[in-house]
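Below, subunit A partners subunit B and then partners subunit C, in two separate complexes.
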Partner chain A sequence: MNKKFARLSTPYLYWLYILALFPALFMFVLMFLDIPEGLDVSNGLKFTLDNFKQLTEPSTLIAFGNSFLYAFIATILSIVFGYLVAFRLFRSKFKNKFLVLVILILPMWTNILLRTESLAGFLNSNGNVVLSLFGIESADFDLLGTPFAVIFGLFVTYVPFMVMPIFNSLEKIDKSIEEAALDLGLTHTQKFFKVILPMSSKGIVTGSIMVFLPCLSGFAIPEILGRGNIVLIGNVIEASFKNMSYTIGSLLAVIILVVILLSIFVVSKIDKEGETLL
Partner chain B sequence: MKNQEIKYIDGVPVARLQDYGYRDFSILHKIWKVVSTILVYIVIFLVYLSVLIIAVKSFNADTAQSEFTKFTFDHYINMFKDASLSYAISNTFKISLVATIVSTVAGTLIAVGIHYLFGKKRQYIMMLNNIPLLNADIVTGISIMLIFSIVMRIPGLQYIFGFPTMLVAHVYFCLPYVILNVLPKLKEIDPNMMDAALDLGLKPHKALIKVIVPAIKSGIFAGLIFAFTMSFDDFVISYYTTGNGFNNLSIWIYSSIGRKSLKPQVYAFSTVITFGAMALLLIANFLSSRKEVKHGKKK
Partner chain C sequence: MAKRSKKYLLLVALMMIISVFVSGCSSKETLLFLNWGEYINYDMVEAFEKEYNCNVIVDLADSNELFYAKVKSGTTAYDLVCPAEYMVQKMYMNDLLQPLYSNDEELAKYFPTLANGKVTFMDGVNQIAEKLDISMKETLGDSYQTGEIEKYYMPYFWGTFGLMYNKQLEIFEDKQTWDTKDMDNPILLSDTPDGHPDILQRNNAWKIFFFDETADEVLPTSIRVGQYSAVRFTYGAVMTYLDGTPNTPVNDGIERFRETLSRRKYTQWAADELKHSIEAHEIDMAFAYTGDCLDMVYLRFLERGLTYETLDFFTYAPTETMAHIDALVIPKNARHADLARKFINFLLIPDNAWLNNRDIGYLPPLEQVYDMIVNQKAPNVSEDSYLYFEETEEEMFWRENWAKAIQAIEPREGMDLTPFSYFETEDINRLNNIVNNIKVSK
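Moving on, here comes the complex of A and B:
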């Protein structure tokens, strides 16, 4: 009986093979090929290592460095403030805490590009609708194109993804463990650092991955808030595919993919069932 | 500490809590509570900042949106008057609704399947299931684009880019959200319930619909909301899987930002969607909590 139901998952396995694994292999092959434009193989297939020269170009290196740095800073900020929000929500007297979590992801119903574009308008005093609404005319600042703008954009966009998993892991902590900690003589602060924080670390790890990866690879936020001054790796990949150099684009995408597969490996080690992600 | 006066009650010295080493942190706790509450509100405000700016812009008469000239409802009234915007909006809804329905139904069935898997097999499929969820949007988008650029070479399928490709892509990244929301609910079901249903003579597929689905409907609903939210908000994957003049709202916005010709009606549309969804949620919550009070349920 159980076997019959278990078979329901088989088509999904093939679906994932076709849409997730096969293209990864395809990109892996593409990065060793010499194809000047798109997928045009009319000149025959030639293997080459020339694509790897792109990796030593300063522009690519800077993009990689920036991506990791900004994603790292945005993730740290998200851990600190996301934990704070999740913890206060967990301790609050709200009856329907799930509702608060949903309200936190509601901004996603507004298009991400539109939100980013609005932030861009706000971080610049020139043509700033909000300042003009409040009658502030004298302000003169332009934060667009600075690292602050990009990190700010990444943080406000992705911090809700940190709150969710941390909140879920906090909810799973048994109340009696906290009582035991207090009975055994820990102060509230000690209880937090010795009991609650380690027990919710699962949520922090999954949350960090949920924030770090999109920050690392996104290209819309740095493009709009970085005003071309700040190039992240997502922008380089996007530009390569736009210029029809699929081979170099694939190479960079494979590197991102390796980082992601490592993260998936970490998640599956920490959480064998893979079920704290949401 | 030395000069502390000893307290006497009825001539007998009485030790205070402090004498036992108790230190009073209640003031610090209060300060921390206030500070952290303020920080929490700041974070929530920042998350909503862009949405609020969009709301302000939606009431601004200035089409160029460079200063606030006059309060107006014009953008709301003319919301669907712009042909290119309406086309993009209707495409967005088409894609998101179809992708949500397909991935909710398929995702529920797959989750049931995974629920009856054990050991290595289950871990393996759960690991693969994480790929669409965690993979970078840009890598997912390019992957699916590459697949369809191969499929495209099959005669008769050269115009496949557009609605079908974008739909496959959206179903692909929505499925894991449904599966991950349904699985924990399946775990909570009493396994005997299914056996009882089968013993009482229900066919397995009937038992699935009549016994399992009602028991996990909250998970299915949560998955549905997640799937719709993700699909509705997606830009990068849609950007790579579109073609033949088919565009959705995010692609329309992207090209409008590039041309610096964003129509103000889009602000009105976004405001209606976001705050409409919030209002619906609050109303639904209010109604369900009233229902609970009526039935005397306490949680």
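Moving on, here comes the complex of A and C:
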């Protein structure tokens, strides 16, 4: 039975080869080529390491640094708040927990650009949605265009990715293990830190990867909430491709790709049973 | 197993065949038009479709570079593309275009209104076209025959670049300060209709925008300024302010570009979003296409009933500024070149161009259309025509304000309009790096 269904995945595999693997390899080749513009190879293929000069630009280095920093902060925030939500849900007596999860994911059914634009409506000083509820037309502060706005946007957008795996790993903890811990004399706080937290750590790791990676490579959120003032590596890559400088764009994209692959490798080592979402 | 996979294949093949039939069912010709967003009036398209019994599919791109890439790759055979003049030049030099007409006979055959002089181009268009021709000659040398490029494009809309600003701000109202601030540069005040309180109407408007020391008292740092994020335009604006031309070679201008942009912290770096930010009063001043501003102004007239005088924002083009012609060209691999010519000719009939212009804030290339708008005239047609607009109070209100607004962005006499020249990818990369370095250092 299973085998028959497995064949249904064949088209998807080809799809994956053609649209994911091949472009990645192509980008890998491109980063070593000397192409003045687009894919114009009328002057012949020339090997070069010139593209790597882009990595010595202060803006590129800072963009990489910022991307890691912002993604890191957003991930930490997501772990803290995501865990609280998942734990509260796990402990609640509510019958239909699935419904709560659906409500959590519901905003993700709308387009990410729309969500980001409406977040911008929360953060700007003029015509602020929240302030106008209190009859205030404009405020002195302007959060839009600050690092705070970008981190807040990343956190709000990706925190559901954290809640799901943590909740899943919490659900898998056997009730009797908790009872045993209490029987053996642990307080509730000790039980949490010595039993529950370690047992749900897989969920935290997977969730972290799932929040960290899109934060690292995204460009729409910093563009909109940072008002073009915050440069993350995703923005540099986007600008390179827009400018038809495919070689430099490929170089930067491949670096991000390597980081992503390494992270997934780490997850696969930790989560051998594949019980989390990845 | 083999049998089953054959069945699957058959199914897939069947679906493909069906889809081909469904899409190809109509015998109508289809015109594939690659255009900018919000850059065509679909009423006009519909009229064209009816008249020539065809379909028009409008695809969108958001940069001249993308136009070039799409035409060059040739994966979709577009029949009509609308790049700016410098990209027309590049497409021509890379042999991607076919002529709209190759001699006077063909001109008369395809574009009769143009051939017999019933329509003529506005001065600004001619000025830009001339500069484009000179630039072609400089690049290609003797192998280029003067005027050759004209056969390859037809102006669609044109306009200048300017500074869009919030009119409600006190600083822009206090005419006294502004007028007396710079006695060396005379102020041109009389050129807009009804003495529009155009406070930016100074020769050195660029100075204010780029926070020149001589202007710092006039425009304090608390003013929120938006800067264009497409570096070719940013660089063009800086160099127009410094050298009077947007086309200073990057090697000569790059250090000054860095210095000038570092003076101020820009509240927002964006492209089309800038006009929306001005509208939402999130920024006070930004560098943008003047036509883009008028797009927003038209909505103010039509949706909020504001008049030209009571507008809350407007735009001002400095005396020395950049200008552009967006032109219709036919790529070499076009499948329906003749239909594309018909489309171009359709727009060379002033009434149709007038209809197209109702939705778009840019300037019409045809003098006749401009005159119609300014004189608040509509096409002289019967009631059942697609060109008929009942002269209601609302319509007359719109026409009156439309006329004033378009007159205000029509280049004044004595203005120096320069089109952009094409920059190599490598140069743009360098400019991008500089802008990013400035952004991260703030």
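By our rule, the second predicted complex is superposed on the first by the 255 of 278 C-alpha atoms of A that agree within 3 Å, B and C clash if a C-alpha of one lies under 4 Å from a C-alpha of the other, contacts with A are read in each partner's own complex, and residues count from 1 in each chain.
Heads up, the rule we're going with is that contacts are C-beta pairs under 8 Å (C-beta built on N, C-alpha and C of every residue); 3 or more make two chains touch, one makes a residue touch a chain.
All values reported here derive from a predicted model rather than from experimental measurement.
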Using the touch definition from the top, say if A:N229 reaches subunit B (first), subunit C (second), both or neither. second
Which holds for A:F28: it touches subunit B only (first), subunit C only (second), both, or neither? neither
Counting only touches as set out at the top, which of subunit B and subunit C does A:S245 meet: first, second, both, neither? second
Subunit B or subunit C, by number of subunit A residues touched: B
First, second, both or neither for A:A220, with subunit B first and subunit C second: first
If you stack the two complexes on chain A, which partner ends up touching A:F192: first (subunit B), second (subunit C), both, or neither? neither
Given the touch rule stated above, what does A:F68 touch, subunit B (first), subunit C (second), both, or neither? neither
Contacts of subunit A common to subunit B and subunit C in the A-superposed view 127
Can you name the residues of subunit A that touch subunit C in the complex? 36-38, 40, 54, 57-60, 62-63, 66, 124-127, 138, 142, 144-145, 227-231, 236, 239-240, 242-245, 248
Seen from subunit A, its contact residues with subunit B in the complex are 1-13, 15-16, 18-24, 26-27, 30, 39, 81-82, 84-85, 88-89, 95-96, 99, 102-119, 121-122, 127-130, 132-133, 155-156, 159-160, 187-189, 209-210, 213-214, 216-220, 224, 234, 237-238, 241, 246, 249-250, 253, 256-257, 260, 263-264, 267-268, 272-275, 277-278
Give the list of subunit C residues in touch with subunit A in this complex. 63, 65-66, 69, 72, 229, 266-270, 280-282, 424-426, 428-429, 432-433, 436-437, 439-442
In the complex, go through subunit B and note every residue touching subunit A. 25, 29, 36-37, 39-40, 43-44, 46-51, 53-54, 56-57, 60, 62, 64-68, 106, 109-110, 112-117, 122-123, 125-139, 142-144, 146-147, 149-150, 168, 172, 175, 177, 180-181, 183-184, 198, 204, 208, 225-226, 229-230, 232-233, 235-236, 240, 249-250, 253-254, 257, 262, 266-267, 270-271, 273-274, 277-278, 281-282, 285, 289, 299
